[in-house]
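Each of the next two complexes has chain A plus one more chain, namely chain B in the first and chain C in the second.
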Partner chain A sequence: MPAAIVGETPSLSTFLKSLKSTDVESSIDLFISLLKRRQIKNSRPCALATAQLLLRVVAATRIRDVQQLIDRISEVGRRLVAAQPREMAVGNIVRRILGVVREVAEEDERDGSLGSGRVSGAASPDPSEARRPFLTKTFSGMSPLGQSVTVPHDFHPRVKTPMIEYTSPPGFDASAEREVKRPVLPSSASYAGLPPVSSLLSLLEDPLARSPIPTPPPGSSPRIQPMGKITESKEKIDVKAEVIDGIKELLDELEVVDNQIAENALDHIHSNEIILTHTSSQTVQKFLMTAARKRKFTVVHAEAYPNNHDETHATIVNGGKKGTGDEEEVDERWKPLTSMGITVILIPDTAVFALMSRINKVILAPHSVLANGSLLAAAGASTIALAAKSHRVPVVVLSGVYKLSPIYPFDTHELIEYGDPGKVVSYEEGEFMDKVDVINPLYDWVDADCVDLYITNLGGCAPSFLYRIVADHYRTEDIDLGGKGSS
Partner chain B sequence: MAPKAKKGAQKGKAGEEEREEPLQAVVFADAFETKFSPFTLERPRCLLPLANTPLIEYTLEFLASAGVEEVILYCGNHTDQVEEYLKRSKWTRETAPLALDIIRSDARSVGDAMRDLDQKQLITGDFICVYGDVIANISMQAALWAHRTRREKDKKAIMTMILREAGDAHRTKSRNLRPVFVVDPEAQRCVHYEQLRPRDTPRLDIAEEVLVDHTEVEVREDLIDCGIDICTPEVLAQYTDNFDWQAPRRGFLYGVLKDYETNLLTIHTHITNEGYAARVKNLQAYDAVTRDILSRWTYPLCPDVNLLPDQSYQLHKGNVYMEHGVVLARSSTVKHRSVLGRATSVGAGSVISDSVIGRRCVIGNRVKIQGAYIWDDARIGDDTVIEKAVVAREAVIGQRCHVQAGALISYRVKLADGTAVVGGRKLTRMPTSKTADPEVVGEGGDGHEMEEDDEDELLAESLVSGDIYNLDAARISSDSISTLDSDEEEESLPEHHRRKSGRSESFASINSDESGDARRKAADFHHEATTSIIDALQKGDDADTIQLELQGLKLSSNAEDKQVRRAVATSLMKRLAALVDSGVSPKDAVAKTLLPNKLIIERCVGTGREQYEDQVEFLLYMQNDAMRRQQGAKILLHVCTSLAHNDLVEPEGFEAWWEDARSSSSEELLAVRADTKPLIDVLVDDDDEDEDEDDSE
Partner chain C sequence: MFDIVGVYKRLLTEDEDITMPVAAIEALILAIADTPSSTVSETLDLVGKLTAELKRAIPNSISLSAGTDLFQQYLISNLQRPSSGNVDFEQMRAHLVGNGKVFVERAKAARETIAGLGRHFVRDGNVILTNGGSRVVGSMLREAAESSNGNHRGSTRFKVIWVLSSNSVSAAEDESAANIAALRERDIPVATIPSTAVAYCMDQVTQCFVGAEGVVENGGIVSRMGTYQIGMLAKAANKPFYVVSESHKFVRLYPINQQDLGIEQNVVDFRTAKGSVKDEDDARVGSDEGVADVEAQEKAPLSTALDDAVDYTPPHLISGIITESGVLLPSAVSEELIKIWF
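Up next, the complex of A and B:
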């Protein structure tokens, strides 16, 4: 492996290594240029790099108040997103981390108000409620963080253990159950459970909610300032450490996401089924491996020529691409599916329609998932999804929550990245390329109605339910990061 | 960045001290040629915008993506502007991924720069060497690795050239010169190198030893050579040892291969068939590479990647890239493969296709722009039509103008309403001393046609590639004379010669027996001889010194008399033309130049010999050269007069010349010698008398 050279081509691993020793600004610039040069690409590496980078950013920022931290993170986030708006994982992670900061801040604030002892119980859900009027949502957005300690108890089960709750029943039931449960309680909390005064007040205060100090408890406005001061002294240790913990949890989540998704495998893959999948994806690979331990089935693998076929071939032959992920992937022993006695059939993308009638289930791995349940995946996915639709074959999409983006696809054309036509037409064909414009889209957009089920690390859910998970994970105030190139 | 180096040390196998050093790169911002005039009169070539991003950005981005940590940038002309630009760019910020070291130098060639580099001791290990106009996205990792493993085994492997496979006709390939690499595929070693001309008899002079030593060789003509080399410090030493090497291919590569027997140094190739690599060598390449960029062949280096921090290009359907804040009238159309910069506005009914338009341009109503390159801040009036032309910064094109394909309109030139600019015109405002030429730019316009001389050669047509090239088939097949002149990498003369078609015949006969090696030597000699003579003439050295130098050169390169003659004729003409251009009358110029240097001419025309062949040749060279000078006919007349007066050329010589078929083989040749007719008549008439007189004396 030609790695140990000085002029090593920058990549995720070199970036992560350099992160430890270079200063923050250089790291940010380096990451931006790596994103631009596409030397870090695809959701997972982007998400990892972003989280690591923001960890450094937070660690290096001297925090005097929370708003500063939020501003700093959003500023960095804006730059990162502008560098490569189509890598939505970057924006997603930035938003998640912003959410962590806000959560910590609110909690801190609540602690302060708890000290004042007057309204705490009733008022505590209030700030977030006020902040997210459209979504009627609660703190559960920060589910992976488990920090919403002061949230009233009845919120907890859904917040902390969605996995446990929803993994055991097959996906559809889970989402259904979830859907039933969800809207009831929060709405009761916001409309029935709260004293009318406080909700009204908070309504009025909504525009001010972006002030440095989280929305104060009702009736305490004159006391805001001193209280803020008092809490700040605590914050200096607190907020930063909490946020860093939060980011670390997020990194943990990124690491275990595949395993969590794979836990659902046995519910979806049954013996003697024929599964169609597309391109190489660690998530799908792990999912199939998990199922293969117990069951025998057949996999038909579309190769995703011309952009991903090398990786696909490598996945089939060796169980994973080599060289790119020498960080944490190395300890994972990647074995090819065939070594577990699974028949794998490699087909070109064009053969998909012909074979579709024999397929029992299509499993796709997206590049990113959009708020309305549609998704972007490697080129060819759209063909597969449409073929599956016309043959009424269920399409299951495996996606970590980090791929789930709050962006709504107004113009799907803009979301698609176009790559090097040299992969389609050889560079040697001088005369041909002189006269013909060849386009090579890297991604396909697949509409929500082509997808039957999403399996996330929180469990399975229907495409129409995704908006809920989005609302759980991202704060409305963070959805627009500023210079967003999405709309 | 230290960390990478450290990591290299940790991860590397034992005993690799040199790996701890950062990877360095040398960039020649100046390619030491003038293919982009008139634009390069005012701006350095590496800052010319390619799809609205300066060329140097692409090069630096390429190096950064290869993991280079230290860049040494050699600037030639306009160093201030390059420095100024880079100072404000992201590359010199503290957060830049690479350390940039800008070196001002007065080097006139890559060879000079290399020697300078060797002296300065800036290079610590192996380095990448590129021109400041390389656009590439090829991965260097494999090449670097191959280079290093080879180096470990064999210290004599001093250089690896990165070559890109491309079929026969690729648009970024040079159409004038085809480099031919003879490669030993097993050792990936380049064993022979030559540059062929299209339609030339493809003949290589491969040394016998090469065929004996290598069981298998590939002769490859399908490679794009974009000058990306991985060099060892040994390369610098070689340049220093051989102070006459100028160009990296024609000089260095050729020299090293030739001296293989003595030095045993080897040069290797890394042939890749993935990724993109091209050099923006001339306008034709500029056009081709821009189209490649817009069609995303250079992915990810496309406009929508926004290399510069302040850019905000987005890709729209049909490879149209637009920045935020572009104002398009509702009835205007922007068709495929176009780029529009920020704050550019396009008026009603205008149609734009295949074009690159900079920032803040104002394009009027009903304008048609097709295949044009319009740089920042240009203004284009209503109803104007612009074909495949370049309109530089702040140029103003009036209403109802017609700029035809191949026209080059430089900075701040102003075209009055209703002006038509024919293809191939080069309009500029440099030098500012010259006043506007209303014939070219119309009443009220500003600018004039660029003064051309050989040094500022550029192919206007080359922008309008393809067809025009082929139309001009005669030019391409016209040949052997031009082989004497040129190496694309360093020479200034080449295209011009071939463009004048038909002239070739006469010279073909003179030089036809030369080929390959001999030709190259001849070209080298010619180049060196002319430069040295012109230098001497400019400095005003006396004839003895010049003669001495010439003699030395002749002996050292084993040149023939006729080459000397040719060199003398060319350089004298060049000097004359320069004088005439600067305002001296042809007569004075001739008097100033020829008389003091009688001795040289005398030596090379061999006065007194019965054979007038020498004189005829000399005159032919003169005539030939005069043909492409301004006022060439005048100069020729005065030269002839002067030669006759001083008895440098006998009347018989003139007569033989006049009657020689080669002197009248083309329209231009006839035209240029027309003025001399009376003189010849007189001379021929007087011939007998002269002889009588001579006898009586």
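Up next, the complex of A and C:
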């Protein structure tokens, strides 16, 4: 345990402070121990800390080729994910950063090959054709990954695709193979890849357009190898600087995510509506604040007892203030909704169903969103979503893209974390505690069909469309980080 | 003229692991190899004709049309793309003819991939309901049964409820029997029930897996008779209902209802003392414009056997489609199809 944080309760801000002074390895260890002890928890602090840490890692790594950098990031990422698999934001950020690195590498290679006069050979159609252009335009700069979703993270292809040794006919020279920017996997690719060539057509795909490398096991990525070599041989663009820029962009994104989501507020909250929300989420508060500047409405706030009620009460009374909770320290301050003339009604979670008939809209903030459109949110969210469903009240979920995880929920029970039962029944009641099991789940899993709309920093989308956003943000080769227990 | 129908049927009987779309593709490749042709449009014309012939001869052409459509699109996109300057026609033809077997191998490997992917859905203590008859589901369950250790005795303990249709003579039932035996061999308890007992069992079931003959554009599936009702019952009982299918079974079809599959099935056969009233119905329906359109295309021979009949399961009943490229939501199917067609 590094000594950097002695004397202060360790938290996100102390970690970020110590990051500057401590060396990388002990920073990683520190972060892991903070994660394990839940001293950094919830999506945003985890995402921030992960991005900052990896920024340091990248800056401190001496790299000879891109592959090394990727290996290094994956290695750190694996350790972080293993430390706290249920904080999916950690894994998400690691994957996003790996995506940045790969993108830089590919750009590098592309520039190189264009420079030497090699234009896409006929055998490999330009991937940009295969992509759906409007998507890459709409989404953020780091997302043009035309790939599909949801390979379980711990899936290993048992059967290797039978690769036949193809002999290139005379018409093809080595450039054809070189031009394959993202080498196309064999048709039965174990990945969700929609490689440049459509996955359906890949059954018949011309083997000439393929990478000569056989299906790599996930985790190791030999597929990137040719790029690395090419990068070496060309005069290098500064990969490291590019990656660092990419990570900084990601950090910027994390910063503005709430504001971007809040921009949609006026489209969804109308005058005199009654909105129900839950927990003290900063994203939701900002969203409501933005709407409150123009419109008058009523907020019914479920208090999220016993895990988040203190913060919820504080948010209602004081707004966002320094010191409301140790993770909130980096958050900016905001006024309470009541100060803007909004009526806020605080209710216990148990009253949700009773009041639902009067509610016009439910707004939830998730802990993480999964690839199939379902979500994890603070305990009580499922009750609210089901009550809303039975009253046909629309449920809107506000989630930054960083909460969006490519993991497929094979077993939803595994995803739920249990917290301190002492919050439900205090430890003073020893006699009572002896006789019963008390559990305190921190999260609820909410099925996709309970959600009507997701609002991300890229705009609104239906739960059934989330797979697309996942596909645009994560590389399929990165989905498996090798971490266990997160699916 | 090349006997496409005969070759197709022979391929299906020779190799029991082959699926209909892949058999269709292979048959078409053999046809191209057999027929000398030197131009693109000649080849496309040939493929078009053979496809039509094949569809006409096979009562239920939905599944095979996935293969023929895929093949045609592949030819078109590769042969007629202006950028494909240096891939000349001969090369393409040689590639297709030379690698026919590879495609089949790939298609089979897809099944193994799905099995590897799908086994993660099977967890300790699960009770799985399947309607059998699907090779992919069978191999997935076998994979789950022996997953995670080498001695063919898996660590996952689950049970299987296998829905058998009443008539147990068809080839599909043989397949089911083999799968059931294989699972029991691996210490997985299997119960067989008639399809009438699905609702009765549904409360014990954790999740349902079914195979598909074709996955249609809106994410629904065309599958053997009875799948639709399993889907409805699973939905009613709030149980996940997964489709296991290779992505080459995606077919460009948008059925509106059960009768809208473009094939004729003599399932609902009204009879009076004078015999079937089918003919009168036909006359009446024939005047309907939409249906007339379908009929004009091709008059498929009646498939009388209920064993071979299929139904259409709409996408809202489906929790996910397990393909070799991952677990797709039904809404993702259209995108895959759009990619090859447009």
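Heads up, the rule we're going with is that the second predicted complex is superposed on the first by the 351 of 487 C-alpha atoms of A that agree within 3 Å, B and C clash if a C-alpha of one lies under 4 Å from a C-alpha of the other, contacts with A are read in each partner's own complex, and residues count from 1 in each chain.
Everything below uses one rule, namely that contacts are C-beta pairs under 8 Å (C-beta built on N, C-alpha and C of every residue); 3 or more make two chains touch, one makes a residue touch a chain.
Computed from a predicted structure; not experimentally measured.
After the superposition on A, what does A:G373 contact: first (chain B), second (chain C), both or neither?
In the superposition, A:G373 contacts chain C only.
For A:E431, is the partner it touches chain B (first), chain C (second), both, or none of the two (neither)?
first
Please indicate which partner A:G246 is in contact with in the superposed arrangement: first for chain B, second for chain C, both, or neither.
neither
Looking at A:S464, would you say it contacts chain B, chain C, both, or neither? Reply first, second, both or neither.
After superposing on A, A:S464 lies in contact with chain C but is clear of chain B.
So, A:S18: does it touch chain B (first), chain C (second), both, or neither?
So A:S18 only meets chain B here.
Residue overlap on chain A between the chain B contact set and the chain C contact set?
Comparing the two interfaces on chain A, one with chain B and one with chain C, no residues are shared.
Over in the complex, which chain C residues touch chain A? Could you list them?
Within the complex, chain C contacts chain A at residues 25, 70-71, 73-74, 77-78, 81, 83-88, 91-92, 94-96, 99, 102-103, 105-107, 109-110, 112-113, 115-117, 120-121, 123, 143, 247-248, 250, 320, 324-332, 335-337, 339-340.
Which bits of chain A are touching chain B when the two form their complex?
Within the complex, chain A touches chain B at residues 2-10, 14, 17-18, 20-23, 25-26, 28-30, 33, 36-39, 82-83, 413-414, 418-422, 426-431, 433-434, 437-440, 485.
In the complex of these two chains, what residues of chain B are touching chain A?
Residues in contact with chain A: 1-5, 7-8, 11-13, 19-23, 61, 64-69, 90, 93-97, 125, 128, 137, 139-142, 144-145, 148, 164-171, 173, 222, 273-276, 295-301, 305-307, 312, 314-315, 317, 319, 336-337.
Could you list, by residue number, the parts of chain A that touch chain C in their complex?
Within the complex, chain A contacts chain C at residues 120-123, 125, 130, 148-152, 154-159, 161-162, 164, 169, 171, 186-194, 198-201, 203-204, 206-208, 371-373, 408, 410-411, 464-465, 467-468, 476, 487.
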